[in-house]
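By written order: A, B, C, D, E and F. Residues from 1 in each chain.
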């Protein structure tokens, strides 16, 4: 049988605390644990910012999330209410429709309820 | 591992920060109300500076904040009736048990902690 | 040089208040601003005021009122942000502890 | 003679601490103090985000900065290095060239040196 | 229910460590992670370990090494993130103090 | 008010946070180096958890951080020679005076504070 884990990430992409969260997801996958989803809340929503410019020799947080999503099917849920307060939006006025990276699923706190219900364990990081 | 089977979970939300200088209190309350609206058994805990969220006679509009504290009155509507405040946190801060919401239970560290331990998932803000 | 110490958060939650009190010298002033107004009853602050009577302590009354905080002690002087501007120029320098 | 004040803002737009900074600028202007500039550093750079979505009944931080800039000629300097780490950029790839509000002058830490030198007093908020 | 307490920051700078220790019950475990590894010498933590001997204390050795921190005490058990995953499922619930 | 006339200012930068979990240490160092490059008289102070920035034998790459601590060696190049560490902060944390940079002066609270007071502008990180 498989254990199911959900994560809530509340730290910004520039923080090494977020590196820890990513490494914990990888460790869980390596252990055969299923990640039912990662929910981004509070300052964690900044992880979904499309236009982060991190020097190429530093830890590429966004690329790591993208890889977890595309290669390991880890669902990434963005709390849009928290995101909009912090400058992210999927409904911009101009040419560009969104400054949210497409690896992230725009969602609401209802998704946190779902994840909490589906997972056997939840950890907040 | 029957204890790891999916089931209805009980949710605890701990507030540890004062209400006005960052979004933590409001984002904790938003989460509590959503869990309540999905009929999840949810309890609220106030510990440390979190107790500043529930004391009476606050006046957020004096510092140009839209008063999210009024939204606490919605907790009752969503059947969130377990609201616990740490006695020691009140005492340390020289605060009396004068609150802007009803139904608050002031608990000793020991009982507060025991209640906390009874929940399946604990989110800290 | 006389320094103005701005305290912006709760000493119950952060070490900033303690650090400020470790660094304070006679003739300095303290300004409780924003969540700094939660410190009216903080034991370390009260002890410093007792021990170092030359230190003047101000707070923004609007910030205290919003938080339902009220000093029990007449040594705390309520001021406005306009008076803070004057204090900044009256002191030689400032540190913001937050 | 006129007193000259510079401010360094390190708190995000959603925080009431930023409201205090704005009100201090206004109080200084009302007192006849000249504001040589406001420098946005650390999380303060998020104040320049063009796409913040704040409910209309909450404090409109960006509109306040814009007004201080346009009506009172308060210069607003954005540290671009700190901004790029947090998702803001004036060189986007796509249709949109910048997600930085035009009230802010894109600059570097050299501007902080200038302001520090020009002002009689500097306060960090 | 046995709880896993994740401590992510320094108890010298924040009240999170104190709050955790106020809330801990016998059979709980503590995990020092990230800046939590700065707490090896924190007096309150050491006292709790002496007084409540049923509590197990883990730390991420990689996080401690990066910070040049090393416990003087054999009660601190070094583990990896993979072992943290196992701990999460072994305990009934967890709180992240950060 | 001759004391308010423009003049060459002395700058103090106080570090109060540990190095890896947020950007404060790096952003403080960036600021110090810029002030140095503009030939401003700049001193660095380490207080509280800030002392964790200067202790020896750290290994940032173990947690996938690009080691900004190496950049401390540039301070000498910009003639930033006043680097002060609080003895009490070391003692409380059970740390010895073993540092990864030279020229550090370990000071008692009283002397540390007196040095701090001698600067015209003080930035705290």
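Just so we're on the same page, contacts are C-beta pairs under 8 Å (C-beta built on N, C-alpha and C of every residue); 3 or more make two chains touch, one makes a residue touch a chain.
Bear in mind the structure is a predicted one, so any value in this text is a computation, not a measurement.
Common neighbours of subunit D and subunit E under the contact rule above are A, B, C, F.
Annotation: the subunit A:subunit D pair of sequence copies touches via predominantly the same residues, more than half of the used numbers being shared.
Rounded to whole angstrom units, the spacing between the C-alpha centres of subunit A and subunit E is 25.
The geometric centre of subunit A is 40 Å away from that of subunit C, both derived from CA atoms.
Computed from the mean C-alpha positions, the centre of subunit A lies at a distance of 29 Å from the centre of subunit D. Multi-chain contact residues of subunit F, defined as those touching 2 or more other chains: 4, 16, 20-21, 23, 48-49, 63, 65, 121, 124. Counting partner chains per residue, subunit E has residues 8, 12-13, 15, 34, 63, 89, 93-94, 96, 98 touching two or more of them. Within subunit A, residues 3, 14, 16-17, 20, 85, 120-121, 124 each touch two or more of the remaining chains. Inter-chain contacts occur between A-B, A-D, A-E, A-F, B-C, B-D, B-E, C-D, C-E, C-F, D-F, E-F. Contacts from subunit C toward subunit E in the complex involve residues 12-15.
By the touch rule above, subunit F contacts subunit D in their complex via residues 1, 4-6, 8-9, 11, 23-24, 27, 30-31, 34-35, 38, 40, 121, 123-125. Partner subunit B is touched in their complex by these residues of subunit C: 8-10, 12-13, 34-35, 38, 40-41, 62-63, 65-68.
Across the interface of their complex, subunit F is touched by residues 14-17, 19-20, 55, 57-59 of subunit A. Within the complex formed with subunit C, the residues of subunit D that make contact are 3, 5, 16-17, 20, 23-24, 26-28, 30-31, 33, 120-125.
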